[in-house]
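The following pair of complexes shares a single chain, chain A, combined with chain B in the former and chain C in the latter.
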Partner chain A sequence: MTDLPTLKLDLGELSRADGSARLASGSTIALASVTGPIDVRSGWEKPEEAFLEVNVRPLEGIAGTQARAIMQTLKSALTPSLLLGRAPRSLIQLTLQSLSPSSLLPNYAQPRISLSSKAAMMNAATAAFLDAGSVSMRGVVCACVVGMRDGVLVLDPTEKEETGTFGFMFQGSEPGELVWAEWAGEEADWEKVASEARTGAEIVRDFFRAQFERAAGLGDEDEDEEMVEHEL
Partner chain B sequence: MDMDWDFDDEGVQKLTSPGEVITSATQFMRGHGTFVEDNDVVASLSGTIERVNKLVSVRALRTRYHGEVGDLVVGRITEVQAARWKVDVNGHQDALLRLSSVNLPGGVQRRKLESDELEMRKFFEEGDLLVAEVQPTHGDGALNLHTRSLKYGKLRNGQLVTVSPVLIRRRNSHFCSLPCGVDLILGMNGYIWIAKHVAENQKEGEEGFDAEAVYSNKNDDIDMETRAAISRVSNLIHVFARRSIPITDAILAEAYDWAVQQETSPSDLLRADVGDTMVAMVTALA
Partner chain C sequence: MSYVLPGDVLTPPAPPPKSLKLGPGLLMLHTPGNPVIAHRPGVLHSTPKQQHWIETESRRYIPASQESVIGVIAYRAADAYRVDIGSAHLATLDALSFEGATKRNRPNLKVGNLVYARVSLANRDMDPELECFDATTRKADGFGELKDGFMVECSLGTCRRLLDSKHFLLPSLAQKFPFEVAVGMNGRVWLRAGSVKATVAISRAIGMLDDRQTSDDEVAAFVQLMDV
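And then the complex of A and B:
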């Protein structure tokens, strides 16, 4: 197994959203923004819980069928982690902007949004929800992409190597619960792949924790460096 | 029962993650940012744990300002519209300041004329800072502001510092004067205005409502000592905000005295070691 690609997280860069996060996993980048709970338009209003609206925007072109499919996937994977019943008759908006180009592969008719890109969007969405702090959550969902390179399972696949992506919901320090899986491979490999993906997702979770502690001023790294920006 | 579950072994405050069990629900009550599951109080946010007696809550790291009627806020004009201004107050939406909710030159009772609507930029224009009070909110959650008091209105002669709204506590007066010759306006929305001290008898008076002074865009002369004091106070606020310590005039006055005694320059305060010593000293005194 290889390491995860280098992760980088920027929080709260969009000033008008309640929470936002830009997540880079290697060269795959996604930007997420969360607003809510806000007023819901009457058609969407649910009497007992908040309506979660997810928008996915590819880097180029308008959102097509693929973006809509991803939207549905992310929505169903994130829903278990959100306590939507705590904000009835309201709207929570999640907007995801992919910042890495979709690729044109010979075997697909349309530009394809890669699995890594989906995983990055999922992780960015989670980080944006954590950053917003306005939506109650039951856990955090972290995603990890897996692939095969020369017959070996890797966690930093290129687009051609990737075979699947997994999302796990973590509650405190308990082992993650599988909430999302898209994978193509031999059935016999499933256990192994899922457990590797879980390890990868745990690394993402620990990374988030470290980043948020730093943002809260609770961590001790890099403080000098950041403070210099405020100097007159 | 272990009472220090919000600190790790080294006494450093921990950050909760959603879904993390904080404590037993049979002994504690759940507050904001938590929910109860299987007799446990569980965090529903990422933030720091706060405990008041038996009430346990989680305070989110970064929050937008949720206005309450009567709050004092500092804001910045973002847009001039028909008979109203839009004001950024760090909330979900821009707040509204109606032309009818400001004091216009010519006395408090003066009627608003159509000509006033045409020259709204004479009073406030985009980018201007002001201090105002929150009035009952608009239907869609946007706040209404008013500046119908001589204490409120346009801000000048100072500097704005922004911190998280949770660091500002509600109190009797949000207008404070520090002994170092600096006035402070602690906006409930986390915007803090630090300005040169204006003596009580030199404030723009009710009777001779002086439009020139109230809506002036020009700073008074500010001497070097006051400038140094303002930047020192602003850096102190940055230091406290970095460490999530609530901002009050008492703590700032204390820290200011310490900084002057130690002969630190205003920019030295931003160094982590100086900041740590300062915070340790001041919080030990408090």
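And then the complex of A and C:
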């Protein structure tokens, strides 16, 4: 088994957003910002819950089909963790941007966003919600990318080695509940791969807990900001 | 005191107490066992009287009943003002909710004026409502229009700290020069001092306190070095 790439988290860098997070997982970097609950335009107003608007921007070019597909992914993965019913008739805006380029060539003239960028965006979104502190949540969603290297399952794949991404919602000390999965592989391997991905996502969740504890002035004093690599 | 993430379960002490008072950030679920979970991230505080709440660092105000807030008049309707208190919806302030106000004798607030008011009604399904007096005594009690002065914005946590009488900042500033201040729970502070220099000094000090990167000691040192 392998380690996750080194995780690094920077919070609150965007002064105009209620919450923001820049997450680096190795050399894959994603930036997320959250604002809300704020006033909503009447076309989007929902009487019983908040409207979640998700925008995804690629590093290069304008948002096209792939960005829209990732937007749908993130909306469906994050919504289970948000208590939108506690802010009816309001708007919660989540904006995500990849800050690291894809190493593969553009696909039909659209810039690519790698699976590990997708996972980093999902993690950055959760961290941005936690940084904002204004949206009620019932759990935290963390994601993990998986790949194959020489026939072995790895959690730090290069872009060519990527085979899938998984997202899990963690509530307290319960095992993570699967909220997103996309993966190419043999059906027989599914249980094992999902289980390893869950362990990877748990490491992200523990990393977030430690970072936020430190930001609040509690928890252990670490000398460097980067997470120590965990072995599975 | 411990840090909790949303979804963390609060384990009640054993033997379980007769009643638990749950403050901001905590919810009791109606599932078997009635677990109490955190729905906001932050530091969990508990008192021996079984009061529990979560202190969350946040900048976006969510109205709560009985909180004192600073509002900006957004527009006036026939018998009420619509006030911006920084929440998702504008609040309503009845034109007669002031001390000594009658139909013939009402305060004449303009768009852009500041008011210090108390939230009298706040629930998730309705626009919040404000009052500029104590409803039982009908006295102003410090609420009403805030004339002149200057308003600064800060985080909700900074406002809570400024409202704590034991906090160092406002008393240490008062030793340097006189000023008036009104702190709203909605992330806004109004101040009025004798000179522009003093006003700028206070707002810089509050800005430094609000900044996550500066420590309390640095802010205290800044106040000491002030030459106003």
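Some points to look at:
The rule is simple: the second predicted complex is superposed on the first by the 212 of 232 C-alpha atoms of A that agree within 3 Å, B and C clash if a C-alpha of one lies under 4 Å from a C-alpha of the other, contacts with A are read in each partner's own complex, and residues count from 1 in each chain.
In the analysis below, a contact is a pair of C-beta atoms (placed from the backbone, for glycine too) under 8 Å apart; a residue touches a chain by one contact, two chains touch by 3 or more.
What you see is a predicted model; the values in this text were computed from it and never measured.
For the composite obtained by overlaying on chain A, chain B and chain C cannot both be accommodated without a clash. By the touch criterion defined above, A:87 reaches chain C but does not reach chain B.
Judged by the touch definition given at the top, the superposed model places A:111 against neither chain B nor chain C.
By the touch criterion defined above, A:140 lies against chain B and chain C together after alignment on the C-alpha atoms of chain A. Of the two partner chains placed by the overlay, chain B and chain C both lie in contact with A:12.
Of the two partner chains placed by superposition, A:26 touches none, neither chain B nor chain C. When the two complexes are overlaid on their common chain A, residue A:40 makes contact with chain C while staying clear of chain B. After superposition on chain A, the stretch of chain B whose C-alpha atoms clash with chain C is 26-34, while the remaining options among 26-34, 116-124 or 278-286 stay clear.
Judged by the document's definition of touching, chain A residues 12, 18-19, 35, 38-39, 81, 83, 86, 130, 132-134, 136-140, 169-174, 205, 208-209, 212-213, 215-216, 218 lie at the interface with chain B and also at the interface with chain C.
Chain B makes touch with chain A in their complex at residues 12-15, 17-21, 33, 35, 42, 44-48, 60-64, 92, 140-141, 231, 235, 238, 242-244, 266-267, 270-272, 275.
If you check the complex, the residues on chain C that touch chain A are 1-3, 5-9, 37, 39-43, 56-60, 62, 87-89, 124-125, 212. Listed in rising order, the residues of chain A touching chain B in the complex are 11-12, 18-19, 35, 38-39, 81, 83, 86, 130-134, 136-140, 169-174, 205, 208-209, 212-213, 215-218, 223-224, 227-228, 230-232. Partner chain C is touched in their complex by these residues of chain A: 12, 18-19, 35-40, 81, 83, 86-91, 130, 132-134, 136-140, 169-174, 205, 208-209, 212-213, 215-216, 218-219.
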